[in-house]
Structures are given as C-alpha cells and as structure tokens.
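Should a chain be cited, it is by its letter among A, B, C and D, assigned in written order, with residues numbered from 1 in that chain.
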C-alpha cells in the first residue's frame, strides 16, 4: 500500500500507467521511501487535483479552438497526484528498500530526461517561436530591420546550442551496464543541456516578445473579427498593410502570446528539474583531476602530497 | 475631424480625457499627422476594441477576486482605440501641422515616461515579486538555501539599479525651457532607465520562477480548498509543513503566477517603447566629443582636421 | 608594535601616510586585530614587495612613454606591504581592541569606496575606452556600421548605469552619526554600484575588443614607425586609408590594448572588494519586511504569527 | 607577382608554407583579389612585422621561463605579413580570378576553423583555467566556499557547451562535394560554435579572475622568492597557510595572470573571425521556411501567396 503525493506531474492522467521512482538518493533509514513501481493510471486510491490557470478558463470560454494560442496541442496539463493507500501488486514493484540503488535510478532517469528536455523538446518549441517571429517580421514589412534579423540570429544560436548539447549528450553516451545493450546519455552533458535550456528559453521569450510587439499581449479576441461593431477596425489595423488575411495574422500573434506570455518560462525551467538540481549533479560528476594535472604538467610542478 | 487608431493603449477607457500626441518626429509633407489634442474619453466616434486574454477569461470565470493572481488591481487593461471622424474643438488642439515641433513633443513625453516606467513603476512591481519570493522561501523552510539568498540579492540589485537610474534621470533633469519652472528628466538617463528595466524584468521573472517553483504554474484553483474531494489533499500538500494557513500560501503562489507567467514580460518591455526606441534616442543624444577629446589629451595627439 | 601584511594595496608607497583599518568585523577574542592607525609611508619596519607584471617589463624596455598603453598615468602600481614590528605612537592610534566598533569602521569605509569605485572612478575609465572605440570607428570609416553603433550604445548604457548608481548612493546618503556634519553614502546603493561595475567592466572590455579588432593585441611596437625596414609597411597598413597620422592611430590602438588586454578586468572586480563582499553586505542590509508586507496587503492576508 | 598584406596572422613565420586565401566573397571586377596560392614562408619579398606587447618585453627580461605565465608555450605570436612583389609559380596557384568560387573557398575554411576554434581549441584553454582555479581554491582552503563551487560549475558548463557545439558541427558535417571523401563541418553549427566561444571566454576570464583574486595581477616577480630582502615575506604570505611549496602557488597564480589579464579575450574573440562574421554566415544559411511551415501547420493557415 502506497501513500504520498507528487505535487506536479505533467500529462500523467492522460497515460495508461504511472511509473513511480524515488524522489532522490535515499540513505539508510529511508527504506520506506526507496520505492519504484508501476500502477494503472486509474488505480483505486489515486486522485488527481488538476491545475487551473487563466489558460484553463480561456479554453472553457472558447467557442472554437482556433481562438486559442496553441489550438491543437493546448497547454501543458499538469496535476497533483495523490496516492491514498494504493495497492501495488508485487510483480509490478521494481525497487523496494534497496537504498543503495535509489540514486542510480534517479540519475539514470534524470540524465535521460535532461538530454531530451534540454536537447530536443525545447528545440521544437523554439522552432515555432522563431517561425512565428519571422512571419510577423514579414507581415509588417520589416525584412530590412537589422535589429530584428539580429534577434532572429540570436534565437537560432540559442536553439542550435540546445540542439548541440542534446546531440553531444547522446553521442557521448555509454552502454550502461556494459553488455546490456542499453545506452544512456553522458551525465555531465545531459545536465549541461538542461542548464543551457533554462536560460535560453527565457531569453528567447524576451526576444520573441520584442519582435511580436505589445500587440501579442494586448490583442483582441479572434471573435472580434466576426463582431459587426469591431470587425472592420480589427480587420484594417491588424493587417499591418499586408496581403495576408487578417485572421491568419491574428492567429500567429495569438501563438506568440501563448509562448511569451504564459507558463512556458517557469515550466521549461522546472520541468526535468530546476537549475540547482543540475548543478548538484554536475558537481557530483566532477573531480577536476584531469584539469589540475594539465596545470601541473604545463608548469612543471609536482603535487605536494 | 480626426481619423486613425492607436493599436495598444493601456488604461485609456478608464480615464476622463484622452490626450493625443504625434506618434513620432514628423517632417514636411506630414502636417496632417502632426497633431496633439484632448478629447473626452467617450467622444462621438471613438471605439475601444478591448484586449481579450486568458486573464480576461479567468476573471469572467472567478467567483471571488481572491481566486485571481492580482486580486485588487487586476491585469493591465489595454485596448485598441479607433477615432472614426472625431470632432475636436479648436480650443483643445495643442499642435496642428507645425512639424518642426513634433519631435520635441514626443521626446519630452518619452523621456519622462521612460524615467517613471524605468525608474519607479517597475521598482514597485519588483517589490511585490521579491516579497512573494521571500515569503515562499520562509513557508518552505528554505531560509538557509544559499542559492535562494543569492537569487534574492540578484533581484534586489536589479531593482535598485532601476531605482538608481530613475533617481539619476530626475536628479540630472533640467528646467525646459529655461525660466518656465518646468523641469524634465535627463534624456540620456531617462532612456538608460528604460533599457535597464527591459532586461532586468525578464531576469527577475526567471529568478522568481525558480524560487516559486513549478507549482506556481501548476497549482490548482483556490476553489479546490473548498471542494470536498480535493480540500484535504490541497490543504496538506500545499502547506509545505508550514504553520501558515494553506490558503495564504496558495494566494502568494497565485500572485507569483501573475508576475512570472503572464503578460508582464512583454508589457514591461514595450510599455514606454521597446529597446530599439531607446537606442535611437540614445544615439541622437550622443556625439562622443567629450570622450574623444579625453583620449586625445591623454595620448597627447592633435585632431588631424 | 604592529606585525602583519596586506597582500595587495594599490598606490600605497606613493602616499605620505598609510591609514590602516581592521580587515573585517572582529569579535571578542580578536582584540589584537581590532586596530586602526596611521604611520608615515616609510616608517621603520615597513617593506613593500612591488608587483611585477608584463607591464612593468614593458615600461622598463620603453625608450619613450608614448610607446606605452597609458603613457601619462601608467599602470596601477600595487604592492604587498609588510609590517615587521612597526612602532605606532599612541596619538596616531584610532581604534585598539574595541571589537564592537570594528565592523562599523569597515562598513563606513566600504560603502564609500564602493560608491566611488562603482559610481565615478570606472565611469572615467569607460569614457576613455568609449572615446578610443569611437575614434577607431572613424579612422576605419565605419560610421555606418550598425553593429558598432549598437556596441557603443551598450557601452554608454553600462557607463551611465554605473554613474547612476554612484549618484544615487550619494543622493540617498545620510548624516552619520546624526549631527556630525558627516554624510555617508547609502549602504545598499553603494554596494549595488560596485556589483554593477564588476560585470559592466568585463562587458565593456569585450565590446571594446570587438571594435578595436585583433590588431589592438597584435600590433607592432610604436618603434616600428621609425625602423627603416618596417616603417613604410606599418605607415601604410595601419593608416586604414584615413587622413589621421598613423602614429596617432597606433597610439589609440595601444590605449585600447591597455584597457582590454591587461589587468583592469581583474583589478576592477577586486578593487574595493569582490562580488561576494558586496553580496554579504547587501544581505546584511536587507530584511524584506517592507516587501513582505506589501504582498500581505495586496492579498489581504494576515501574518500567521 | 603578389602585392598586399594581412594585418594579423598568428604563428605564420613558424610555418613551412603560407597558404593564402581570398579575404571574402569576390564579385565581378575583383578578379585580381580572387587568388589562392602557397609560398614558402621565407619567399623573396615577404616581410613579417612582429607584434610587440608587454608580454614580449616580459619574456625579454626573464631569466628563466618559469617566471612567465605560460612558460612552455608562450604567447600567441602574431605578425603583420607583407607581400611586396612576391613571385608565385603557377603550379602553386589554386585559384586565380574565378570569382564565383571565392566565397566557397572562404566558407569552407571558415566553417572548419570556427568548429575547431569554437569547439576544441578553447576547450583546452578552459581546461587550464579551470584546473588553476581549482588548485587555488584548494591552496587557500576554500573547498567549502559555495560561491567558488558555483563559479567552477559555471566555467565547466561553458566549456562543455563549447565542446558540444564543436562535436555537433563535426557530427552533422557532410561530404562535400559528394563522393569526394572529404567531410566538412555543418556550416550553421560551425558558426554557432564560435559565437558561443566568444562570449563564453570573456565570462570564464571574469570568473577565473574572481577565484584567482586580486593577487593574480598584483603578485611580485617569481624572482622575489630568491631576493633576500623579500623572500621570507613572499614565502610566508603567498603560502596561504598551505603545505604546497610557495613557488608552486606563485606559478599557478602566474598562469592565471596569463589567462585573465592578457591578450586572450580579444584574441579568442577575433581569431577565426569576430562575432559579426559569424552572424553574416548564419544569416546566409537561414531561410526559415521550415519554421514558418510548422507555424502554418499548427495554426491550420495557408500561405497567402
């Protein structure tokens, strides 16, 4: 019987099974918390307390998904999951009290998650942000604005850096344990991936907000395009003199609203663990012996001990 | 009779009067756009197309203002304002076709607005963000977490920098025109204020998001505290072991949601003009003669011309 | 009789008197270190072990000060000062064992030094760097290069930020103790001044290095202008097609070498105390009560205690 | 017969041959500058005007290489190379007037150079800097200073980011031309490598300067360890209470002086081309069609044209 909760878990209630891991390294005396297991998502005793945000309210109020900022995929749905005396059959328990293995379980999960979260997932988000910024630059006829090009190049550079770190984490990965046929990413590079992404994403948001303009947060509803009192004004002034149908222009603005004025900054930072979690892992990996020896060699000095 | 629109104007329809300025420096041939005047907010021919955002929807759906992230003051309400043949009596026209004065009108407004927007207004926002972060640090019993202290100090440093620039813009201000009794802020420092605030605010948001945790964007509704199916779980797991009533803790989280996962990044950047507008003004102010002469003097060289 | 050393002290041996303060707050049991006094710079028992750097060697090897990067003022001359049984007459002792006042002595010195070091001294350095960059932009005919203007504006913004913080530290200063007629800078703002300067200065160096070009570190000696084998080549290729005498152009390059490829990054950071020293002082000043109360008020919550 | 000059070229006179490429893309009418060829380093008509810097003077004045900051490898030796009617035999000319191929020559060189310069070369420099910082942390007994660990982790993260980008540039490289058996790095990633390195290196210098302390720029000569007037003082106060021989400690400080207070910031930035050169190449590579199409697809909008 399991009792406890995880206060934020994204996408959980949309899955078939929940796979539960220990929260961190465990030590002697913490055997009761050193557990890993799987249960069906609707097992007896599990309650999900769903997130409720402005975006939940907006979705409830919409008549058409295309009024929303991310019409097809929606917002990241996160919930608190509570286990109130949930029974787990023994054949679905993977780890139970063997505290010396808890860290390894967490580490293997973390480095994989940080590579994908740092290296690939956010690259996709950035593709959308960059694409929307480029379209707005074109709608507004600002193809020659040097500073917008400069901001696009900065966003691309941040995106490629995240991609490179993800790629390197995979490339430097090792079979673990040897002979198992299972390859896991490089621990150091996996964490570096995520660290870079944390900072990159906020910067990309700021740059996209600059290109998108104040209108991405102050725009009217897409419904105002069919409201007879407002339609002609919105139609005219949101066209920016472009040939593109105003509705398309508004949708692209709304997409940028979704990415720059929503939950993605905080979510990208904390998903797969916040900065401090990566720093702790990086510190654990480093011993600096290689670097110290290079210095000793180049200076022709011997260690004193 | 005036025709035209401003695509985003905050707080306008809550005012008694609209004071309209030229959008930028005007040149010969643009006399028709070189106008400044005042009209009552509800003058015949004016239409406001209001912003509609997730926050509008959330407010519509709320039963109690304390479910919202900024319960008393709400979101910044911005609208597009359209002038469709609005009559302005001659005694309320301040500027009409004298293109050589348009730039001065804009500049005087801009440097004042940039000082206040950069120097004081956002200092107040940061006070709230910093206060909420400190409370969360205490609720969670993390007073000894070095990295949180470090982040608070960084936020305070950014806030004080914005305050200092605002103060300096005022302190270095000059009577303009001389003898008028009207003092205006220093142009260079007014723009520097705003530039610093643009970057500072996004960084403060990122740091606050780190301290607030993923829960500030994934938290349930405050209504879940009175929902019998969820109340005890939310009560327990959002108390973080603190003595503080859970409802208070949730309200503070919701406040941080408002500041870190909403429209403030983009709005702070663009309100009072985006970065490029400040750079253009700064460039206009600078001639570098003082600095070049210092170099010539210290190197004992004569200008060649 | 005093024994001890300070490992780096700039300009000391060029002064008339050394004024010695306690190194930090002292506590009971450390009375012997809680001392402040003045001695003539050449008192019996004092030894200065002077710094020796590449710049010392270059000065020794120069035939003319104008071959050097900072011809008139030279490099910051720092020394280790050792007190080996130095006698201090009682009438020149200001503090001796009263540990409870040591912190106050240090703090008053530090906040003054951080204001001046952060707010004014480095503003002057940046004036020279900016002036030299502007001259090089002109010598090379790059007045229309947008990215160089952008870098100059960034340098000016950093300089003005440092100036603003210094000004604000002075402006917010208080008479201390009240009625004494002595005004000291604001503690928080004094430290914020220095913190901003630490980061600003390295960034200004990087930007100046970009504008100056690789040639500021790879340039030949100014002597090569009078070496018959090299003179015509240096004359031609270092003129960059400008009317300015090549010697002037080389001197400006050499000045930028001094500021971007020398000891100023580290020296600016550590002079008046490194970043961590400012953070400690800032932490000491802050209690966050004001900010926490603003949050409670806006959320209508009462403190639980 | 070739005439012209390159104003800074590192290591040239230590090579056997000079391989000369066009400086940039050439267009019709610039055929005379569209040349590539090889000549022996001492061909008739070539003159090298060597760099002269404080580091040159220090080397001249040293009695022992171990008094210098980079004893075995020395400073980067750069020179201006002048071709004053140099004869190039036809069989050593690779490109002569075919302007349409000039860009390709430059690009292939540049992307390779940017990968290595960004991805691997500076990783080695950073290894030395990080190793020296770690040793100083240990000599001073500051293993528990949280902020130093934090700075080391930041340096490692920057180093790994540079490594990752270099690795990714190689990994994403393609055979060029197809079937040639010659693989060249990915153009976008090669340039991203270098861009990241430019900023990373200045930041690493600043962090290393913080850990190294003011003493890395204010230290005495290593000769002072054998000067009877100063030896005991230097011996005592530069030991920092460590068991390590003071001479070793001084050498490590001197190494950090070399990396933080010298020509490496500017040289790393400009070597393989400055930031603007990378941005121009990145802009040339990008067309944003992929990103724009992703946006159109997710919003279900059709291009208007």
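Details
Convention: a contact is a pair of C-beta atoms (placed from the backbone, for glycine too) under 8 Å apart; a residue touches a chain by one contact, two chains touch by 3 or more.
Nothing here was measured: the structure is a model prediction, and the numbers come from that model.
Listed candidates were A-B, C-D or B-C; the one reproducing the A-D interface, defined as more than half of contact pairs identical by residue number, is B-C.
Farthest chain from subunit B (centres taken as the mean of C-alpha atoms): D. The geometric centre of subunit A is 27 Å away from that of subunit B, both derived from CA atoms. Computed centre separation for the pair subunit B/subunit C is 33 angstrom, with centres defined by C-alpha atoms.
Centre to centre, using the average C-alpha position, subunit A and subunit C are separated by 41 Å.
For subunit B, residues that reach two or more other chains under the stated contact definition are 147, 150, 279.
On the side of subunit D, the complex with subunit A involves touching residues 66, 70-73, 127-128, 130-132, 134-135, 149-150, 152-153, 156-157, 160-161, 163-165, 167-169, 171-172, 188-189, 192-193, 195-196, 243-245, 247-248, 251-252, 255, 279, 282-283, 286, 288, 290-295, 298-302, 304-305. By the touch criterion given at the top, residues 5, 7-8, 10, 47, 49-58, 60-61, 69, 78-80, 82, 147, 198-199, 202-203, 205-206, 209-210, 212-221, 223-224, 229-230, 233-234, 236-238, 257, 260-263, 265-267, 269-271, 274-276, 279 of subunit D touch subunit C in their complex.
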